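Labels run A, B, C and D following the written order; every chain starts at residue 1.
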Amino acid sequence: MKKMGFAFLLAIGFGLVIAGSGIAADKPVKIGFAYIMSGPFATYGQFAKQGAELAIDEINQAGGINGRKVEALFEDDAGKPDVGIRVIRKLVYENGVDIVMGIDSSGVASAVAPVMKELKTPLIITHAAVPDVTGTSCNRYTFRISLNINQNIAMASTIAADMKAKTWTTAGPDYSFGHQSWEYFQKYLSKKKPDAVFLPAADVAFSPSATTDFSAYVTKIMNSKADGVLVSLWGGNLIDFVRQAADMGFFDGKREILMTLGAATEVLYALQEKMPEGIWVGTRYWFQANDTPINKAFVDAYFKRFKVYPSYNAHGAYGAVKTYAAAAAKAKTVDKEKIVDALEGLSIELPVGKITIRPEDHQAVTDGVWGKTAVDAQMPIRILKPIRAFAGKDITPPVEETGCKLK
Amino acid sequence: MRFRARGDVVPVLLILLALIAAPFFLSIYGLIVLTEILTMSLFALSFNLLFGYTGLLSFGQAGFFGAGAYFAVLTLIHGPGSLWAALAAAVIGSAVLAAVIGWLCVRLDEIYFAILTLGFGMMLFTIAHNWRSVTGGSDGLGNFTLPGLNLFGHDISLFHPVSFYFLVLLIAALGALLLWRVVGSPFGLLLRGTRENSLRVSFVGANVRAVRLFAFILAGALAGLAGALFAFFNRIASPEMLHWSFSGKAVLMTILGGSGVFLGPAAGAAIFFVLEHVITAYTTNWMIFLGAILVVLVLAFPGGVLGSLLDRLTRGRKGPPA
Amino acid sequence: MTEPILLEVREVSRSFGKFQALRQVSLKIRTGRLCALIGPNGAGKTTFYNVVSGRYRPTGGRVFFEGQDITHAPAHRRVEMGLLRSFQITNIFPALTVLENVLVPLVVQHGKSFACLGSIARRRDMAEEAEQILSRVGLTGQSHRVVSTLAYGDKRLIEIAIVLARRPRLVLLDEPTAGMNPEETDRMIRLIRELSERSETTFFITEHDMKVVFSVAERIFVLNQGSLLADGTPEEIRANPEVKRAYLGGSLDAAGR
Amino acid sequence: MEGLLANVLNGLSWGMLLFLISMGLTTIFGVMGVLNFAHGSLFMLGAYLSMQFVRWVGSFWIGLLLGPPIVAGLSILLERFLLRPLYGRDVSFQLLLTFGVMLFLDDGVRLIWGAAYHVVDPPPLLSGVIPFFSQSYPVYRLFLVVLGPLVGIALWAFFAFTRWGKILRAAAMDRQMAEIVGVRVPAMFTAVFGFGAWLAALGGALAAPHQSVGPAMGERIIIESFIVVVIGGMGSFPGAFVGALILGMLNSFGTTLLPDVQMALPYILLAVILLTRPRGLFGAEA
């Protein structure tokens, strides 16, 4: 008859475990990171973690933030919205972090951004590109220092406008990121090149993220009338796509190809010489794109420590930490509200170049890079040559267009 | 299957009291974890009405969980912004869905039932994922405001973790109470009879398909209710909630806690989250530990953790069942 | 011969692929008369029961119960009309208690199949009725034991109790004494005879134990290779040469003595 | 015409890869009645081991030869020490145990090989492309198209004609009978599980040159293999073959013709078949 009584004891036990682990020391400045650390996109989280660790070590060696040591807490959001919200609540409520950074997946970003209002804690997004979080659903606590879809596709359409291709199609992931990339591409390119033709929705190739065999999509594109292809696949999907498409003669020069996230070192390291030459690829950061001392120092330090070149995700995490340090220096405190105020309008020189966070929508105006894949005998991976750099102000849509009503 | 109505009242009341007192001794984050545990408990309990009591392993239960979430959020966005209207929409909507899908699924048994429900669950997932104009596609539906509650003339904001916790506690407790009544009712006896021997049940004149269907609808409705709470909790309804791997979570929690004890699934939910919480504090490789722990639990606790503990306890006291 | 016809089977056939399990079997059962269906192994007895009770659909012919065509009625509909059956392999609810085993049919009997809020533990009326039925089959004082812990003979009695709980008009008993020791067999025979005499229920049994058949049945049907071979009183059957041939002599003579 | 042929070829090559993986799943289910959730992880392990051998000795064939037996060996331990105690118990426990093993292995490879993607080259003999109308088609894919049916026929012949195959089939149908006539069923189960795992790992090793090797590659394939096995009829080789072909074709033609619902197509097919033929296309009717 007492069997439910035991359940009670168990419940109490769990309660104590949870309560007991909630004690936090408040000495160091705490930064919480949420990235994908498991599953098919885990390699992005790995690079980000390395970037963050590098930045934090640099800051700590230089005396910390406002004289306080910086401590990093990494959480795996698994690319799932519910997990993302859980880990961010954990970081804020339990670990008492002063700021949260990261987020790879757009789905997680969409879920997490509104919650930051309740947590009253700043969030700097370093990867997820969904426009809404600095657009229609923007809020006081959410910032982004990485390029969003808008900006990236603005560059893609500029390059596309100079190409011979007339009829365009897309190969993208069958979720919001892929669809939005294609929608913006059509919008921007038809402005720059009114005679551009786009294949209807039934004829473009959106593949579910679990796809490993892309042959059907490659065939579909090759048999369409399109002579230009916007590829917005990323991660393992992009690797599989490129390898299989190459074998099927996709890169035979008969069509113009733009890969919006093709210059991710995560992908280039996996593909190595299997990445075809002469393809236009985009990225949020390219380690050879500029010669500033700050970039050189970052690339050298990163390579020395991790034996690989930094990816854009590594740079995103590195840059976010540096940005936060700058905001803290400006505010002379790590008080969350003051940090938010300091981040608004902040300009800082990062390896990627100078970025400015717009106070109106919290989107960073940052330079973008596209380039053509090329061989360099000195390098283990494909490099970009020529590189085409875009000034942040040219590719960032005006605040009025974003739908954000912060100010 | 064991339940004895009277003997369990006292411990259940004690648990309830502890849960009511929880906000006074738990940290905010502890309370948030407990909120999630309660929500998932309701989900797992609804699943166990089918699994433990009816003998039907549904791998599509997340379909109704997620559908409830979308119905609730869509009601908040497009319909009346009332919390109760949203919850009602979740319950009714997922019950109707469960009626249609259940009507097809209850024809099958065992592993075939499991796989068919998985199939239908994934069809619902595809709808949530691909019908972008309505469901927001893969990003989900997050642009809604959680309405406040008006209690005795006081507006209570559900944004506060404590008030939200009490809402979830209230609804989860009511849901559990309902399920408790169901499994102890004449219909509940028929369910257990169906689990034991569906052939015999149909040869005493019951329409086994109708009995199963009714259980399926009840379970679907309560899963929808839990899903609505989960969407409110996370401030978003997302397609992941309908994916088969989410159904797998309910299966996992139920078997972890023990499908043969009424509160087993709830205990399983608690164990799952506490384990995750403890392990991720030390490593990001938490799946490897979860996997190993699962293997050990399955081998060492054949009736689930709660089930096996209670078994040992009662056996110690009363000797082996006569 | 004035009792009304309870069950009528008209030219029923059933085949499984190429195998013809039943070939145009016709028979009538009248109310109140204890009948038996016999035949060598594989003669089609269980298939016949499965067709009559609604587990299988016949491939030809029709089945009538109290004048109504039930050929295509689902099993549970037939039960509602009063046609019940037991199974050759004990078919009960092993993890439930003795009481609960009988409560399952009572829930259906009382039209409470979908009553999902009231507690069954509070249904005194059902519990009392169940105890009554249990005492009728001779199982008293064991209501709260889990059925799987009972002796084999008692399990078979539970099955009878389950069937009785639906207040049947006709009960098909598929080898009720199969696997029983002589003592248990005697008990079962007495019970069947008693129930048949004292209640409104008509019993129709299959048996391989000829002693049982000839001691209880008022009318016997003989099935051989799916066809009805003979039909008559025990004396007539015993005298029938074709039946003797089908059984290769032996057991029928033994039963006669 | 060109598009049609390309689609058929795409469907065939994907279908044959699915077939290779599903054969092990269906064997294990057919003989032991165990639905193995970890099958996809064994597939993944096969791919990783094959990749490791390519790195060590530079030969795809050695990886193909040595990788799968290692996975089979691990699986034999798994069956012997983890699965065997569960045979008397509810099927859901087996499902849960193999689910646990899946989580363990998926995360385990990440611990050993890291989270990065890896790429394995096809062997020189099978690399390169052949012209195909105005396009080209990789030789390796054609190799898969040919290999699938060959392995299938070999297995079918094994079950149909050899003494061992016959014993296995008999034991699958009636375990008690097999024990009575002297088959050591527990040992046989271990062997069958190992064999099924070998097939899964073989599929993984063969898939490595075709897709990127990374954690979670098993998770992606396991549900599709389940669907293949179920629509074909659990335990049936011809069923797995036909199921894999249908799924492959559905994948290639669905992409072209019904892109909006393509993600749901396998599930719709699954539901339709289960509702009209509850034991699958080639399963024995219940």
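What to note about this one:
Operating definition for what follows: contacts are C-beta pairs under 8 Å (C-beta built on N, C-alpha and C of every residue); 3 or more make two chains touch, one makes a residue touch a chain.
These numbers come from a predicted model, not from an experiment.
Top contact pair of chains, counted by C-beta pairs, is A-B.
For chain B, the chain whose average C-alpha position is most distant is C.
Centre-to-centre spacing of chain A and chain D amounts to 35 Å, using the average Cα coordinate of each chain.
Separating the centre of chain B from that of chain D, both taken as means of CA atoms, is a distance of 33 Å. Taking each chain's centre as the mean of its C-alpha atoms, chain B lies 42 Å from chain C. Contacts with at least two other chains are made by no residue of chain C.
Each of the following residues of chain A touches two or more other chains: 37-38, 174.
The multi-chain contact residues of chain D, meaning those touching 2 or more other chains, are 107, 110, 260, 263.
Contact annotation for chain pairs lists A-B, A-D, B-C, B-D, with touch applied as defined. Across the complex, chain B is touched by residues 1-8, 10-12, 14-15, 17-19, 21-22, 37-38, 74-76, 80-82, 85-86, 89-90, 93-94, 106-107, 110-111, 114-115, 118, 130, 132, 136-137, 174-177, 179 of chain A. Here chain B touches chain A in the complex through residues 2, 4, 7-8, 10-12, 14-15, 18-19, 22, 25-30, 32-34, 36, 129-130, 132, 136-140, 142-143, 159, 230, 234-236, 238, 240-241, 261, 263, 266-267, 270-271, 274, 277-278, 280-281, 284-287, 306, 309-310, 313-314, 317, going by the rule given at the top. Of all residues in chain D, only 2-3, 6-7, 9-11, 13-14, 17, 107, 110, 114-119, 129, 132, 135-138, 140-141, 207, 210-212, 214-217, 220-221, 251-256, 259-260, 262-263 touch chain A in the complex they form. Interface residues of chain D, counted against chain B in their complex, comprise 35, 82, 85-86, 89, 91-93, 95-97, 99-108, 110-111, 223, 226-227, 230, 234, 260-261, 263-264, 267-268, 270-271, 274-275, 278-279. Of all the residues in chain B, the ones that touch chain D in their complex are 51, 57, 104, 107-108, 110-112, 115-116, 118-120, 122-123, 126-127, 129-130, 244, 248, 251-252, 255, 259, 285-288, 290-295, 298-299, 302.
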